[in-house]
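Several structures are given next for inspection.
Next, two complexes with chain A in common: one pairs it with chain B, the other with chain C.
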Partner chain A sequence: MSKYRHVGTEAQRPEGADKLAGTARYIHDITVAGMLHGAIKFSEHAHARIVHIDTSRARALSGVRSVITADDVPEVRYGFMRDNLVLKKGKVRQFRDEVAAVAAIDPDIAREAVDLIEVEYEPLPSVFTPEEALAEGAVLIHETDAAGRPRTSNVVPLPCRHASGDLDAAKERTAHVVEGTYTVPRIQQAALGTSGCIAEFDRNGNLTITTKTQIPFLAQRDFNSILAALGLEGRNVRVVVPAVGGAFGTGLDTHAYEYISILLAWTTGKPVRILYDREQEFAYLSPRQSASMFIRQGCDAEGRFTFREVDVVQDNGAYTSWGATYPNVMLVAATSLYRVPAVRFDSRIVYTNNTYCQAMRGYGNPEITWPIESSLDDLAAAAGIDPYEMRLLNSNQPGDVTPMGLKLATCGLTECLDRTAARIDWKEARGPERRTARGVGMASLINVGGGGKIYASDGSGIILKLDDFGHVNVAYGGVEMGQGLHSALTLMVAEALGVEPENVHINETDTATSPWDVGTHASRGAFMAGNAAVMACEKLRARIFEHAEKVYPAEVERNLARLRDRGEDVSPAGFDYTSVTRDRFDLQGGRLFVVDAPDEPWLQIDLGRFLRAVHFTKEGGVGTIFTEEAFYEPPTELPDWDRGIGNMSASYTFGVQGVEVEVDVDTGEVRILRLVAVTDVGRVLSPQALRGQMYGGIAQGVGYALYEEIKTEEGRILNAGFTDYKMPSAADLDFPIELEFVETDDPYGPFGAKGAGEPGIVATAPAVGNAIFDAIGVRILDLPITPEKIIRALREKETAVAGAGGG
Partner chain B sequence: MSYDYHRPRSLAEALDIAAATPGARFVAGGTDLMVQIHKRAAAPAALISLRHVAELGGIDNGARLRIGSSVTLTELQAEPAVAAGYPALIDSMRPFGSRQIRNMATLGGNLCNASPGADAAPPLLVYDAVVELRDRAGAREMALEEFFVGPGETALAPGEVMTAILLPPRAGDVRSVYLRKARVKMDVATVSVAALVEMEEGSCVRARLAAGAVAPVPKRLRDTEGLLVGSPLDDATIARVSTAAADEISPITDVRSTADYRRHLTGVLLRRALERLRAAPGEGVL
Partner chain C sequence: MREEVAFRLNGHDVAVEVDVHRTLLDVLRDVLGEMGTKEGCGEGECGACTVLVDDAAVVSCLYPVCEADGTSVTTVEGLFEPGGELSPVQTAYLEFGGTQCGFCTPGMIMASVALLAENPDPSEEEIRYALTGNLCRCTGYVQIVESVRAAAELMMERPA
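Our next item is the complex of A and B:
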């Protein structure tokens, strides 16, 4: 039996019923009296000088309240490198550049007005690949940096590299080497809920913005700068997060549309809402980066890794978001997935005239795991070793400190490998007897599971407030965006405080009431919230027990009096209930009792009654209400990116996915027959939320492996919508997905849990690629693995075989 | 985005409104047209709904099978006469959109939208379908093959309505099948193929082949189908046919696929279609 009453139980998701019934309020459902509707005029070129903007026809349209261009409003710089302007001045660098905006009394009028804005451009030479951008004499996308200093190349100045071990010596000990250049495409985060916000000012110049974000507090900081630009320095910014229909990384940066709605709210004096529809979401929100990754790795004669070298080139697009720090997270797997004694990692982020990119679930990890785990199977083949055996041989172990300095307090990789192999019938499925064009493959993963420090603080605050009726309200700065944070947090608060989950209520995230949190990313939500909650709950319990010393005897007397009135008898307490000390109280299920008699009803006090008894006293002066706060800062290091060293997370999550596929060798189609995912999550907090995270991540992983790609032509997106951007739907996920969890009880995790938001997506693509390789003997290096690519590879293989036979 | 919406009750009324309303478009299920309007790819001054025009509904199994242009795909799927006589048309409905789409989408709309990949087109081409068109001046009939003019372009004159799709009766050992491939399950076809053979004493006496998404219009493969006549559907013939089709199609590379792959896939699907017809007389299979 579990040692926990609530943690690990199949509780319903607290927000589930409202989402199912359609009564949850997303940004699309919120209107404010007097609200105007904003719309944005986007660039029509990948790179061009803005010669002239004519807004006269838009301004003349009935119902239009404001039309703004860079000339009408103060300049506002934003973005991770502050290389972006909210409204573009001088030139545009990508098709999604914002050049003008309109506020009108209804959305159709706003869009019509946008169409009436005429912009004259003078096209400039453009670059659409990092190779073009790095070529001698390539056009500069940014002539100067944010500080106005001239720039000399299109490389974004964000170094991230690593070198450990003696690479030369390692190469000498190497018996087998493989290498290859793997690529991953730009893809869409494709959250069901599209983007949007409502900005409004009060008459004192204080701003409230209701917006779909994952970083309410960093957004607050960002929006302070626009207030300063508007001459409102020092006024208050309040960020309110409504129900969020998925974000997957799109909410990790502030966006031009948010600043634009603020500017329009300022110019009109009215609340202004901007909403993106699906096509706009595709065309004008930043996708996940494409990257090209060269990998070379070697092993000794027994199959032990000797070294690994990785060179990453990432297409940044025209501006820089947090997503440009992907290499920081790539370092984790590059240096620390398996025991590798010598590692070199180099990365370059390159500006192009493509749509600028931003983060998505996994944050560099699905990218880097693709070459590592694919080339591992090639290396195993070169060494004549079973890839599963090779993984086992090189598996990380608890207590390891990796070349990056990651301290693996717990590590269930070996068990995940064994369980995956057992469930997918590895030996039999790979055996020589297998049917043609069927194959199995597996891939491992390591993911930060205890935060990921890439900012000055990786901490989280929490405020718990008990009301007079035994309910606890939780103010937390992280964002529930469908991942199940509230499910996990509810169970953890119930467990740590000793109340029932129905009595735990998590507030809407609001910078006015929630304590600071760095943001909901890096699988950190439940880990941080839980640790903060445990600390705050302990403080709250201590205060409750302290007051219980005074209140408990009288409340027990009241119980007794009531029983006597009813003529009932009670057995003796067996201890002196009139003088219980604080260390002997306990609180469980919302009932206060003494550890000596946990089950005697007349010796139990309902929490609500206890709280009222403490709250409503006859004496004047200092009274008591129960509110506690805690701020948890994980014991981690902000790595030195120039050396690529630092223990950036408190815990590390491991996992393995195994896949069986069948390939139609005539059409090139890949059918997944089954998928197994075994994940070391430390501890299962909310099984329902965790399964949701895994299924969702795996679905995205299947999309990454087989279908998804943003197609562009000269920087313009060709498939901006679900008609031609293909994700797997439920109909395509028609194979069994088996989940299993390994509980390694991490010492840093709340109740032993490690973060599990991202792992689902990380290992799917290489597992699928490896299964295809097992099935038909061809390896596709470029995601997604489309039927076209398989047919081409099969033809090339045939030609090579025929050529060899003929020669 | 604003337009007048008309809801005529009779065909005469619909035709009158069309004649009197420049820039008006007919709308049946709206699953093509409304998407275009929302994407701003179409901006009609008015919409004339055909959903309540009684004459355009219903399926009539007379000398020819007459399918009203406003019959929805769901209605079509449930019609025993279609399942019995024209199984390839049923095949084409199964992967078509989703249930919600099939509840709204009409057969007439699929043809009048004239997408090169329209799923209903290849089966109807191999069944020698005829379409009935009508304007205020009167009605005319036209072979479906001639109805398609180019991508999104048809032989419809302004103000003219497609009233019905007519299918000749089925006789003899006629076997037909429709196969299609798409990127994911919910997708328009990358390539589709319909095949029909009439067999007599183990030999093919009549053949029809058609393919979708490999030419500007849903395409009847007249030269290729000629290779089948007089043959016993043996491997050699099937191989010849699936190679020959490449000369009759003109696929393009677009966001969905490449010309090269579409050519390859057309051959594969034709081979599979003919192998199925050889193996399973009269059976429509996916």
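Our next item is the complex of A and C:
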């Protein structure tokens, strides 16, 4: 039996009923009195000089309240490298560049006005691949950096590299080597709820912005810069986060549309809402980064890794988001997935005239795991070793300190491998009895599970406030976006404080009331919130028990009096309730009691009654309220990116996915027959939410493996909608997905739990690729693995075999 | 051109004078203030805006409002009595984790209700097929399919 009353139980999602009843309020559902509607004029070129913008017809349209271009408002720089202007000046560098904006009394008028804005451009040469952008004499996308210093190349100055071990010596010990260049495409996060915000100023110049974000506090910092530009330096920015219709990384940066809403709200003196529709979400938000990754790895005669070399080239698009720091996270798997004694990692992020990209679930990890795990199977084949055995042989172990300096307090990789192999019938499925064109593959993963430090603080605050009726209001700065943060946090607060989950209420995330949090990403939400909650609950319990010493005797007497009134004969003899000391109290299920006599009803005090007694009786100390705060900063290091060393997470989540596929060799179609995912999550907090994270991540992983790709032509997105962008439907995922969880009880995790929001997507593509390799003997290096690529690879293989036979 | 359109909405009569080119979704949300029904794509591909018109599931983002004249329209708000319990389908989604971010949920629920009205005991395959027009990015559909199966069992035990 579990030692926990609430943690690990099959609880329902606290905000679920409102979502099911249609009463949850998303940004699309919120209107503010007097609100205007904003719309944006986007670039019509991938790279062009802006010669002239004529807004006269838009301004003359009835119902238009404001039209702005870069000439009308102060210059506002934003973006991770501050290389982006909210409204573009001088030139555009991508099709989605914002050149003008309108506020009008209704959305149709706003759109009509945008169409009336005429922009004259002088097209410039463009580059659409990193190769073109790096070529000698390539056009510079940014002539200067944010500080105005001249730039000489299209490389984004964000070095991230690593070298450990003696690579030359390792190569000498190497018996087998494989190498290859793997690519991953741009894909859409495709949250069902599109982006949007409402910005409004009060008469004192303080800003409130209600917006779909994952980083309310970093957004607050970002928006301070626009207030400064408007001459409002030092005024307050309040960021409110409504119900979020999925985010998957799109909310990790502030966006031009948010700044534009703010500018329009300022120029009009009215609240301004901007909402993106689906086409805009595809074309004008930021997709997941594409990348090209060269990998070379070797092993000795027994199959032990000797070295690994990785070179990443990432297409940044025209501006820089937090997603440009993908390589920081790629380092984790590149250096630390399996025991590899010598590692070299290098990365280059390159500006192009493609749409600028940003983060998505996994943040570089699905990208880097694709070459590592695919090439592992090639290496196993070269060495004549079963790839599962090779993974076992090289598996990380608890207590390991990896070449990056990651400290693996717990590590269930070996168990995940064994359980996956058992579940997927590894030996039998790969054995001689197998059916034609069927195969199994597996892939492992390591993911940050205790935050991922890439900012000065990776911490989270929490405030717990008890009211007079035994309810706990939780103010937390993280964002519930569907992942189940509130499910897990509710259970953890209930567990750590000793109340029932239905008495735990998590406030809307609001920078005015929630304490600072770096943002909800990197699988960190529940881990951070839980650790902070445990700290705050301990403080609350200590204060409750301290005050209990004073009010408890009188409350027990009230219990006794009430029972006697009912004619019940209660004898308090044998238990001295008048001088119970604080260390003898406990609180569970919202009832205060004494540990020495936990089952006596007359010795139990309802928490609400206790709290009222403390408020309203002399003994309790009139005026006392029970509010506690805590700030949890994980024991991690901000890595030195030039060396690629630093223990960036407090805990590391491991997992393995196994897949069985059947390939139609005539059509190239891949059918997944079943998928197994075994994940070391430390401890299961909310089983329902955790399963949801795994299934959802795996579904995205299947899309990444087989279908999804943003298609572009000279920088223009061709499939900006669900009609032409293939995302898995219920019928596409018609195979069983079996989940298992390994509980390694991590010492840094709340109740032993590690973060689990991202792992689902990380290992799916290489597991599918390895299963295809097992089934038909061809290796596809470029995601997605489409039927066309399979047919082409099969033909090439036939030609090669025929050629070899003929020679 | 404006025209009066009258229909029953969640059991109440409504009459609105609207531009005949507007969609049912626009009128539900922007005119009648029923915000439960969501717009996920506006082109009939994602199913987030699914509602019932005379018990048939339609994507309201493509459905001209004038076509709703004289019909009975049910949205996710109409599946339960105010202050009362949620419908069996909603209850099952809550219990089996069929909602995450919740944005596809109202449409998914309405498609599930339409399916169960037509086929009270659907197989997993039938459920997956029936929900093909409803995209979800969060769940991978597993817990949605489980929820619909559970709702079917619940409704067969306790016929309405």
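Points to keep in mind about this one:
In this section, the second predicted complex is superposed on the first by the 798 of 807 C-alpha atoms of A that agree within 3 Å, B and C clash if a C-alpha of one lies under 4 Å from a C-alpha of the other, contacts with A are read in each partner's own complex, and residues count from 1 in each chain.
What we mean here is this: a contact is a pair of C-beta atoms (placed from the backbone, for glycine too) under 8 Å apart; a residue touches a chain by one contact, two chains touch by 3 or more.
Note that the structure is predicted; figures quoted are calculated from it, not measured.
Touch criterion not met for A:265: it reaches neither chain B nor chain C. In the superposition on chain A, A:187 contacts neither chain B nor chain C. In the superposed model, A:229 lies in contact with neither chain B nor chain C.
In the superposition on chain A, contact is made by A:788 with chain B only, not with chain C. By the touch criterion defined above, A:248 reaches chain C but does not reach chain B. Once the two complexes are overlaid on the shared chain, A:29 sits against chain C while remaining clear of chain B.
In the superposed model, A:482 makes contact with chain C only, not with chain B.
Comparing chain C and chain B on the residues of chain A they touch gives the larger count to C.
In the superposed pair of complexes, A:731 makes contact with chain B and with chain C alike. Of the two partner chains placed around the shared chain by superposition, chain C is the only one that A:689 touches, whereas chain B remains out of contact. Across the two superposed structures, the residue set of chain A contacted by chain B and also by chain C is 721, 723, 727-729, 731.
Chain B contributes residues 1-2, 35, 39, 181, 183-188, 255-258, 260-261, 264-265, 268, 272 to its touches with chain A in the complex.
Within the complex, the chain A residues that touch chain B are 108, 279, 666-669, 707, 711, 718-719, 721, 723-724, 726-729, 731-732, 786-788, 791. Here chain A touches chain C in the complex through residues 12-13, 15-26, 28-29, 189-194, 243-248, 277-278, 481-484, 688-689, 691-692, 695-700, 721-723, 727-731, 733-734, 737, going by the rule given at the top. Taken together, the chain C residues at the contact with chain A in this complex read 29, 34-43, 45-46, 48, 75-77, 80, 86, 90, 93-97, 99-106, 109, 125, 127-129, 131-145.
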